[in-house]
Amino acid sequence: MSLVLDVMLALAVIGVAGWTLLVRGNFPAVIGFVAYGLLLALVWVRLGAVDVALTEAALGAGATGVLLLFAVVRLRGGKAEIDAATPSPPQRVAAAILCGVVGLGLAVAMLNLPDPAPSLAAEATRHLPLLGVGNPITGVLMAYRGLDTLLEAVVLVFAVLAIWSMAPDRRWGAIPGPLFPVQSSGPLSLLARVLPPIGIVVGIHIAWVGADAPGGKFQGGTILAAMGILAWVAGLWRLPPVASRGLRWAVVAGPLVFIGVGLLGFVIADGFLSYPPGFAKPLILLIEAAMTLSVAAAIVLMVAGPPERPA
Amino acid sequence: MEATPGGFLLVLMLVVPVTGLLLGFALGGRLAERMALWLLPPGLAMAAVLVAGLLHAKAPVVAFVGGWAPPLGLALRADGLAAAMLLTTALIIAAIALFARADYTTAPGAPEARAPLAFWCFLLALWAALNAAFLGGDLFNLFVALEMLTFGALALACLDGKATQFKAELRYLLFALIGSVLYLLGTVLLYGAYGTLDILLLAEAARADAPTIVAASLMTVGLLGKMALFPLHLWLPAAHAGAPPAASALLSGLVVKASYVLLLRLWFWVMPAALLLAVAPILALLGAAAILFGSLVALRQARLKLLVAYSTVAQIGYLFLMFPLVAGSAAEVAERAWTGGALQAISHAFAKAAMFLAAGVIARALGHDRIAELQGAARIAPLSVLAFGLAGLSLMGIPPSGGFSAKWLLLQAALDSGQWWWALVIVAGGLLTGGYVFRVLSAAMQGRSAPIFPLAPVDAAQERVALGLAVISVLLGLLPLGAFGLVLIGR
Amino acid sequence: MAEALLLAAGLIFLAALAGLYRALRGPGAADRMMAAQLLCSGGIAALLLLAAATGLAGVVDVALVLALLGAFASVAFVLAARGLGQR
Amino acid sequence: MIFGVTGAALVALGLYGLVTQPALLRKILAFNLLGGGVFLLFGVVARRGAVADPVPQALVITGLVVAFAATALALVLVLRLFQITGAATIAEDKTPP
């Protein structure tokens, strides 16, 4: 039974991906992409990776979908240009052969991976009591491979600043992104008012349970960001200007706390990002809390884009 | 391998610029600039101490982040190659910061402006990313470092906000993203096959089976795309030539070298020798094609900056001649080729940074960078033309210069290992390089009947920085060869 | 029992896919919006059944997030399209 | 292993889209489809052992965040290019600037 379910799911994912690539029109393509993300989230559940399923649903389908939709609504025209830039059939056949070879090579490689599979699962679980967390993925993200997570948190700051730096000079300091009119009536604006309080609770819940169950700062932060975006497009919340110091501290707080706790390790433990025994969990939770805030802020700002209205 | 004392230095080399970037971004305005300038001396000092320590101990420095040893944890490793690249990076970043003070300064009390804030933050960001890329001991950690590098490089290159820049940098971004994805596919397969992504642990375990071969091919193609090795160079000239001078110098001098060092790690550490022997000649052949093609196209450029960018395409080619000379050669020949390759990467970094900065000064002073109309440039910006010429000497491989030592070592290794055809390519490349450098110099040195005035005042400090970098690229050739034993530590 | 729950999940998923196929074809933007909504609801149902069948921790949370984001996506899509379209 | 082959197929599809789609927006969309395939392979690798391996799953979470940032950055570049020139592709200009 579960095999049938998996095959169905696999075919659906490939089908939706192909449809998304081939469909004319950008809007349907984005919808196809969101459906693709939802299906992938189901695949992740089938693979037993619930943490990833949460991330895929929130970030892969939800936030990326909104990001793409914003671009679709604002990019118009250019059909002649696009036609002129379309590769000729021989070029497309060549590309198809090349990509087919890559896909085939990958499939062959995947099918020839050694058996039994090498795995760090036992190692990762063995040290968890030292950290006081129950979710091995949190252990990997916050301890064993903490440097990856720290650099990734810094990448988010890079991205925000890079996006802002694309602004026209005269717009510097202004509010990021377009301004949305207040939607004062109608079912949509009602939903936009009702949903955020629920979403904020869910977001904090997902971030909080991350230490012991699937969830964590990236998933929770994304949900909080989604609620912020909702309030923003409904005209209920005005984003602070890019010159706002508070906004900037919100974006860098997570990585700074992360680094601060890391450096503390030099003094009270065995070095950078090492947690003293017994204090690991509170320190991890402290980093997670600050990171949830920064991830949420960074995602809202990345969706909003550079400042584009007069200051 | 165990963690060694002094590992905290490696961590600080990542954390210091990152913290500077975060604080600079949060505080904004003039403080971002202050932050970057304040961090230059400690950054340089850390790199110098690391190199001195390595030369003293003759062994790599290793840190396990958080005390977790691989395969579960992440290692940072500074071997000789990494230490040499870290010092090169620190020096060039410092030079570029000094150069850029004239362009991106914020007066006390002045409101924050876009370009200065972005410039100083991303200078620190690129510094952190480069350090991460040279120190990383884990293939996935290096993926994150490469992404940081791409984002930072992209933002710096678009700093002027011109449509041509957006277009060129989008092309760069697409190449870089495809490159990253291919690289990431390789890491998946390697993890699936060996259960670790640590470079040294992989080196002990690697077999020449199907997953490894597919992983190696995907990662190599991805990294070559990021480095713009012929025929994947299409994005580079416009992306590097269109950026502001300080950014071009960073992109051409340093950023491509991060992918190069990673490629060396992949082939000379991770992959089994049998695979390397099969692939090395192909890589060198592409390198040779890059040298000849890049130089010929550079010779025909009408614009100075594009000429310098095509020169990068050519000089990257030299880096690949090292592969067949190191692989399968006797120890002494291999050491010579290895040193030559590393020295080429370092001397090109200095020379190319100098060239782009000098070209930037000249282009600003004249208001254009058309080579045919450079007459009088030597009178307006004499130091810049001198810097361009000295850097050119190093690129050509004329003694005494770093480029000469590098090419001489490669040449010797080619002859000693009986692969004389690569020697021919090196000589031909040097001649062609001479052609395009002299084309620029002869135009710039020509007098002009009418008196000439600079369109914008020439900043003497900027000229001196360009000259300083060019002088370093030449002086590298005067160092005794024993000094380059550094890059052999931990090989 | 677990088999029966899985079967139910499969059937619901199949129904959602059929709906997805029909709705993705359009023709209007609203029809296509419905496609994602439909898949979202089907996904939630299938996930809840899966959670009951396998007892995997956190699957209910995934369903919760899907429910939330499904509502978020449709409102944000329409409001954003409206707000940006006016300019 | 079904999902291993699915991942490989998604990579091939995404790569094809990324190379052949002329419009930048569609290229970025294809890049995201491609990313989904790559991450799926990580998931399959994590699932191969007797117990699910948390390390590749953690790598996917990191990768998803990086991919999101890359998408956001690329889309801003595309929008800015469009706002300035009206171009939706990066085809070579016929006339030099």
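Each chain carries a letter (A, B, C and D) given by its place in the written order, and its residues are counted from 1.
One rule holds for everything that comes next: a residue touches a chain if its C-beta (ideal position, glycine included) is under 8 Å from a C-beta of that chain, and two chains touch if they have at least 3 such contacts.
These numbers were taken from a predicted model, which means no experiment stands behind them.
Peer 1: Please tell me whether B-D or A-B has the greater number of C-beta pairs in contact.
Peer 2: It is A-B, judged by the count of C-beta pairs in contact.
Peer 1: Would you kindly tell me how far, in whole Å, the mean C-alpha position of chain D lies from that of chain B?
Peer 2: Taking the average C-alpha coordinate of chain B and of chain D, the gap between them is 27 Å.
Peer 1: Between chain A and chain B, what is the separation of their C-alpha centroids in Å?
Peer 2: Those two chain centres are 31 Å apart.
Peer 1: What is the distance, in whole Å, between the centres of chain B and chain C, each centre taken as the mean of its C-alpha atoms?
Peer 2: Chain centroid spacing, chain B to chain C, equals 48 Å.
Peer 1: Based only on mean CA positions, could you tell me how far chain A sits from chain D in angstrom?
Peer 2: 13
Peer 1: For chain D, what residues touch not just one other chain but two or more?
Peer 2: Only 11, 15, 41, 45, 48, 55, 59, 62, 66, 69-70, 73, 77-78, 80, 87 qualify.
Peer 1: Could you check chain A for residues that touch two or more other chains and list them?
Peer 2: Chain A, residues with two or more chain partners: 46, 48, 51, 70, 74, 102, 106, 110, 113, 117-120, 124, 144-145, 148, 152, 155, 158-159, 162, 166.
Peer 1: All pairs of touching chains?
Peer 2: A-B, A-C, A-D, B-D
Peer 1: Contact residues on chain C for chain A in the complex?
Peer 2: 3, 6-7, 9-10, 13-14, 17, 20, 24, 26, 29, 32-33, 35-36, 39-40, 43, 46-47, 50, 56-59, 61-62, 64-66, 68-69, 71-73, 75-87
Peer 1: Quick check: in the complex, which residue numbers of chain D touch chain B?
Peer 2: 11, 15, 18, 24, 27, 31, 34-35, 38, 41-42, 45, 48, 55-56, 59, 62-63, 66, 69-70, 73-74, 77-78, 80-81, 84-85, 87, 90, 93, 97
Peer 1: Give the list of chain A residues in touch with chain C in this complex.
Peer 2: Touching chain C from chain A are residues 1-2, 4-5, 8-9, 12, 16, 19, 27-28, 31-32, 34-35, 38-39, 41-42, 45-46, 48, 50-51, 53-54, 57-58, 61-62, 65-66, 69-70, 73-74, 178, 180-181, 183, 188, 191-192, 195, 198-199, 202, 205-206, 209, 213-215, 219, 223, 226-227, 229-230, 233-235.
Peer 1: Quick one: in the complex, what on chain A touches chain D?
Peer 2: These residues of chain A touch chain D: 3, 6-7, 10, 13-14, 17-18, 20-21, 26, 29-30, 33, 36-37, 40, 43-44, 46-49, 51-52, 55-56, 59-60, 63-64, 67-68, 70-72, 74-75, 77-78, 81-87, 91-92, 95-96, 98-100, 102-104, 106-107, 110-111, 113, 116-122, 124-125, 136-137, 139-141, 144-145, 148-149, 152, 155-156, 158-159, 162-163, 166, 216, 218, 295, 299, 302-303, 305-306.
Peer 1: Spell out the part of chain B that touches chain D in their complex, as residue ranges.
Peer 2: Residues in contact with chain D: 72, 140, 143-144, 147, 150-151, 154, 158, 161, 163-164, 166-167, 169-171, 173-174, 177-178, 180-181, 184-185, 187-189, 191-192.
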